[in-house]
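So, here come the structures, one by one.
In the two complexes below, subunit A is the common chain; its partner is subunit B in one and subunit C in the other.
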Partner chain A sequence: MVIAVASGKGGTGKTTVATSLALVASTQRAVRFLDCDVEAPNAALFLKPQMHGRKEVGTLLPVVQESLCTHCGRCAEVCEFHAVAVVGKKTLVFPELCHGCGSCILVCPAKAISERLDVRGVLEAGETASGIDFAQGLMKVGEAMPVPIIRELRRWNVSGRDSFEIRDSPPGASCSVVETLRGADFVLLVTEPTPFGLHDLRQVAEIVRKLNIPSGVVVNRDGIGDGGVDTYCAETGLPILLRIPIRRRLAEALARGVPLVEVAPEYTSALLGVLEFAAATAVS
Partner chain B sequence: MKLAITISGKTIDAPFDGRFGRASAFCVIDTETNEWLIRENPALSAVGGAGVQAAQFVAQTGAGAVVSGAFGPNAFVTLQAAKIAMYTAPAGQAFSAQDVLEMFRKNELTKINEASGPSRHGGAR
Partner chain C sequence: MKQLTVLSGKGGTGKTSVAAALAHLASQSSFAGRLVLADVDVDAANLELVLRPRRVAVEEFRGGKIAVIDPVACTSWGRCEEVCRFDAVLLSGGCYRVDPLACEGCAACVYQCPSDCITMEDQVAGSYRLSESRYGPLHHAELLPAQENSGKLVTLVKQRARLQALDEDGELVLADGPPGIGCPVIAAASGADLALIVAEPTVAGIHDMRRTIETVEHFGVQAVLCINKADIYPEGTAEIERFCREKGIELVGRIPFDDAVSAAMVAGEPVTEFLPHSDAGRAIVEMWIRIVASVLEGP
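On to the complex of A and B.
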C-alpha cells in the first residue's frame, strides 16, 4: 500500500515523519521510499542510502522537420500552452512552455513532428542499511516544472502490493503535491499547531478530499501556537493520529540527520499504530 | 502598412495598454487610410504562452508593426519570425491609441531589437 506524507506548509516535519515511518515499517514488511520533493530532496540525509542506480528524465519535446512541414498551423492550434507557434513559413517551438503531451504530433497531417527527450532532472535509486528500497528525484537547477520528474519517479520500478511505499511530498498545495498523491491509499498530513500550519493544512486536506483518499493528521511541534488545528480536525472529522511535542533534544538530533525513531525510540509503537490505522482505512 | 497598438478599450481613443500578451485588445490601424478596428486579444485567457498566442494573432491581422509597453522573450521571437517590427511606448501614462499613432508618425517611439520585458509578466505562475 502507498502512504503519502504531505503538509502544505514547508518545514512542518514531513520528512521527519516519513523517514521514521519508513524505518518502523521496514521491521514489518518490504518498504520502498520515494522522495518526491524533487526541488529539494532531503530524506536521504536521514535514511543514508547507498546509491546504485541513476536515470535521466524529462519532457518529450516536439522537433519539427522543416522540409516536411506545410505550416498548416494545426500543432499551434491544439497546443493549450502555446508552446508551438506557426507564423508565415516558420514553425517555432518554445521548450519551456511545453508540457510534453504529444498532441502536436498526433494532429500533424504531414507527420513532420517527432520527439526528443529534454532532460529536466535525474532519478536516483539506492538501498538503506535496514533494507529500504530508496529512490529520489532531483530537478535540474533552473527548471520550472517538477511534475514530469515526480511522475517518472512514481512509475520507476513500482513496488509490489504487499509492501509499503512511503512518499515524502513536496511542500505547498499545487500540482507537484497532487502528482505525489496520485495513486496513494492513505495520506498522512503533518502540520504544526499554528495559524500558518492550519492555513496550509486546510488546503492540502481539501485536495485529499477531492482525490477521495483517506487521511489522518500528525501534529508536530505540539505545544506551540494555538488550538486552531485541533478545532479544525474535530470539525471536519480528521483523526489526529500522533502528536510530537516540541523538544530541543529532538530538534538537535534531526539537525544532525538522526531519524526521529533513533533519538526517540518511544515513537516506534505510535508510528506502528499510524501504519495500522492507514492499512485499516486505506482505499484498497 | 497596418500598425497594431495594445489597447484597453473599444475605440482608438481608449487608453494604451502597456502589456503585450495580456493586453485587452489590439487597435489595428491602416496608416495610409487611417481606418482602424479593434480586435480583442484571444490570449487574455490563455493558460500559458500568452505572448506567443498574442504574437500569432497580431501576425494574422496582417500588421507590419506593433506597439506595446514591453515584449517578453517568447513574444519577441514569434513577432521577429513573423517579420513584424516592434516598438515600445512608455507604459502607465495617459496615452490613447490615437496618441501612440501620432508618436509613431513623428518617429518618437523606441524600435526594439531584443526582448524588453520579463517572461510571464502578466500571467499567473
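On to the complex of A and C.
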C-alpha cells in the first residue's frame, strides 16, 4: 500500500511526518521509503540510511546517424518540443528541449535515429538501522525537469502488496507532485494553520480530488495562525488525522535532523492511528 | 533597473514573508514609485495574501497541449498505449482514453494511430494577473493544480514586470521566487542582478541552500544570503556563516524566530509594517539597508 505525503506549501513538515510515519510503520511491516523531492531531498538526513545502490537516470535523447539520414525533416515535424531541427544537410538535436518521448524514432523513414541516455540525476538506494528500504532521487544542479527522475524512482523497485511504501513529495501543486501521487492509495496532506498553508493546501487537495485518491490532513505547528484550515477541512469533509502543536523543543530537534518520534515518542500511537486510517480508507 | 529575486531551495523558509517586508521597505525608500513587484512562485502564489492588491487585469494562460482520443473513431487498436512512454493512455471499458494529468503532450500517439483519431488540444494552464498594491504594481499568476510548471508562466510574469519597469522608469523589480532548483527556479533567477537566498539553520535547510547556491552560480547570478529563524539551531547558523565566508557570499541578515512573522501573515501585512518594532521586523530593516548599500547602489 502506497501512502504519499504532500503539502502544497513548502516547509510545512512533509518530511517530518513522512519519516516518522515510516519509522512507526517499520515496527509492524516491511517499509519502503521514496524521497520524491528530487530537487531538495531531505528525508535521508532524518532516516540516515546506509547507501548501497546507485543508478544514473535521465532522458533518452535521439542520436541521428548521419550516414543513414536523408534529411527529410519528418523528425523535426513531429517534435512538439522543437528539440529536433533539420538545417540543410544536418539534423540537430537540442538536449535541453527533449522530453525523451521517442516520437522522432518511430516516424523516421530511414531508421536513422537511435537513443542514448542523457544523465540528469541519480537514484540512490539504502537501508536504515530500523530496516527501512530507502530510495531517493537527486536531480543534477542546473537541470530543469524533475518529473523523469521521479518517474524512474517510482519504477525502480516496486513494493510488495502487504508492505507500506511511503513517498515524500516535493512542494507545490504541479507536475512533479502529480508524478509523486500517481499510483498512491492514500495521500496525507501536511499543512500549517496559516493563510499561506491554507491557500496551498487547497491547490494540492484539488489534485488529490482529480486523481480520486482518499486523503487526510495533518495540521503541523498547530497554535500559530488562524482557523482557516479547520474551517476549510470541515467544509470539504477532509478529515484532520493529527495535530502537532508548535513547540520550540520540537523545532530545535528537527533542525538537528532528529526524527519527530525520537524527540517526541508520544506521537507513536497517533501515527499508528494515521496508518490504520489510511489502510481502512485506501483505494486498494 | 535592477532585479532582485528571493529564493530558498527548501520551501517554507520565509521567502514570501521576507519579500513582502522588502516590498514595504522599498516603497518607503528612494525606490518609492519606481518599484515593480512580481510573484514568480506560480505554483503557490502567496505574495498576494500579504499585499492584498486590487486586481487590474487577468489573462488566460495556455500551456502545452494534450492528446485527446475521439472515442467514436477509435478502433481500439492500442498502438497509442504501446508508444506512450508516460503511461498516459488507459484502457477503460474497452475504450482507450488519455489521462490528461499524465499526458506529456509529445503527440507520439497522434502520429502512430492507425485510425487517425487522436488530436492535440490546447490546455488552459492558469492565468496571468496584474494588480495594484499599496507598494507598487504586482505581476503574478496562478497555475491551475496539476499543470506542468514548465517555467513558461514564470517567464511571462517576470518579463511583464521587467517591461513595466523599463517602460515607466522603474528602478527595482522585486520578485518572490519558487522553492526547489528546477525549471521555475531557473526561469525566476535568469536575468536577475541579485538572488537573495533565505536560508534556514536546519540540516534540511542547509542541504537545500547549498543546492540553490550551486544553481544560481551555474546560471551566473550573484547571490547574497540571509538566515531566517537564526536562533533555532546555533550550530546550524554557525555552519551557514562558515559556508558564506568560504564561498565569499555576503551574509546580509539574521532574522530571529519570531511569532510576529506568522501574526503579520494572518493579518495580511508585511511584518515590517504590522509589527515594525518586533525582533524580526527590525532585523529585516537592517538587512534591507545592507542590501541597498552593498548591492543595489553598488557598482
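Operating definition for what follows: the second predicted complex is superposed on the first by the 284 of 284 C-alpha atoms of A that agree within 3 Å, B and C clash if a C-alpha of one lies under 4 Å from a C-alpha of the other, contacts with A are read in each partner's own complex, and residues count from 1 in each chain.
Definition applied: contacts are C-beta pairs under 8 Å (C-beta built on N, C-alpha and C of every residue); 3 or more make two chains touch, one makes a residue touch a chain.
From a predicted model like this one, the values you see are computed outputs, not experimental measurements.
> For A:282, using the defined touch cut-off, is the partner it touches subunit B, subunit C, both, or neither? Pick first, second, both or neither.
neither
> Once chain A of both complexes is superposed, is A:72 in touch with subunit B (first), subunit C (second), both, or neither?
Neither subunit B nor subunit C is touched by A:72.
> Just to be sure I read the superposition right, which of the two partners does A:97 touch: subunit B = first, subunit C = second, or both, or neither?
The answer is first: A:97 touches subunit B but not subunit C.
> In the overlaid three-chain picture, which partner chain does A:143 touch, first (subunit B) or second (subunit C), both, or neither?
second
> Return first, second, both or neither, reflecting whether A:199 touches subunit B, subunit C, both chains, or no partner chain.
So A:199 only meets subunit C here.
> After the superposition on A, what does A:252 contact: first (subunit B), second (subunit C), both or neither?
A:252 sits against subunit C, while subunit B stays out of touch.
> Scan A:106 for contacts with subunit B and subunit C and give back first, second, both or neither.
In the superposition, A:106 contacts subunit C only.
> With the two complexes superposed on chain A, say which partner A:88 touches: subunit B (first), subunit C (second), both, or neither.
first
> Check whether subunit B or subunit C contacts more residues of subunit A in the superposed model.
Touching more of subunit A: C.
> Considering each complex separately, which residues of subunit A are in contact with subunit B in the first and with subunit C in the second?
80-81
> Given the complex with subunit B, which residues does subunit A contribute to the contact?
Per the stated touch rule, the residues are 76, 79-83, 85-88, 90, 92, 94, 96-97.
> Which residues of subunit A touch subunit C in the complex?
Against subunit C, subunit A makes touches at 8-12, 15, 39-40, 42, 45, 78, 80-81, 99-103, 106-107, 139, 141-146, 151, 170-178, 182, 194-196, 199-200, 203-204, 206-207, 210-211, 224-226, 248, 251-252, 254-257.
> Inside the complex, what are the residues of subunit C that reach subunit A?
Its residues touching subunit A are 8-13, 16, 43-46, 49, 64-65, 83, 85-87, 101-102, 104-108, 111-112, 120, 143, 145-149, 151, 178-183, 185-186, 200-205, 207-208, 211, 214-215, 218-219, 229, 232-233, 235-236, 257, 259, 262, 265-266, 268.
> Which part of subunit B faces subunit A closely enough to touch in the complex?
Touch list, subunit B to subunit A: 43, 46-53, 55-56, 59, 74, 77-78, 81-83, 119.
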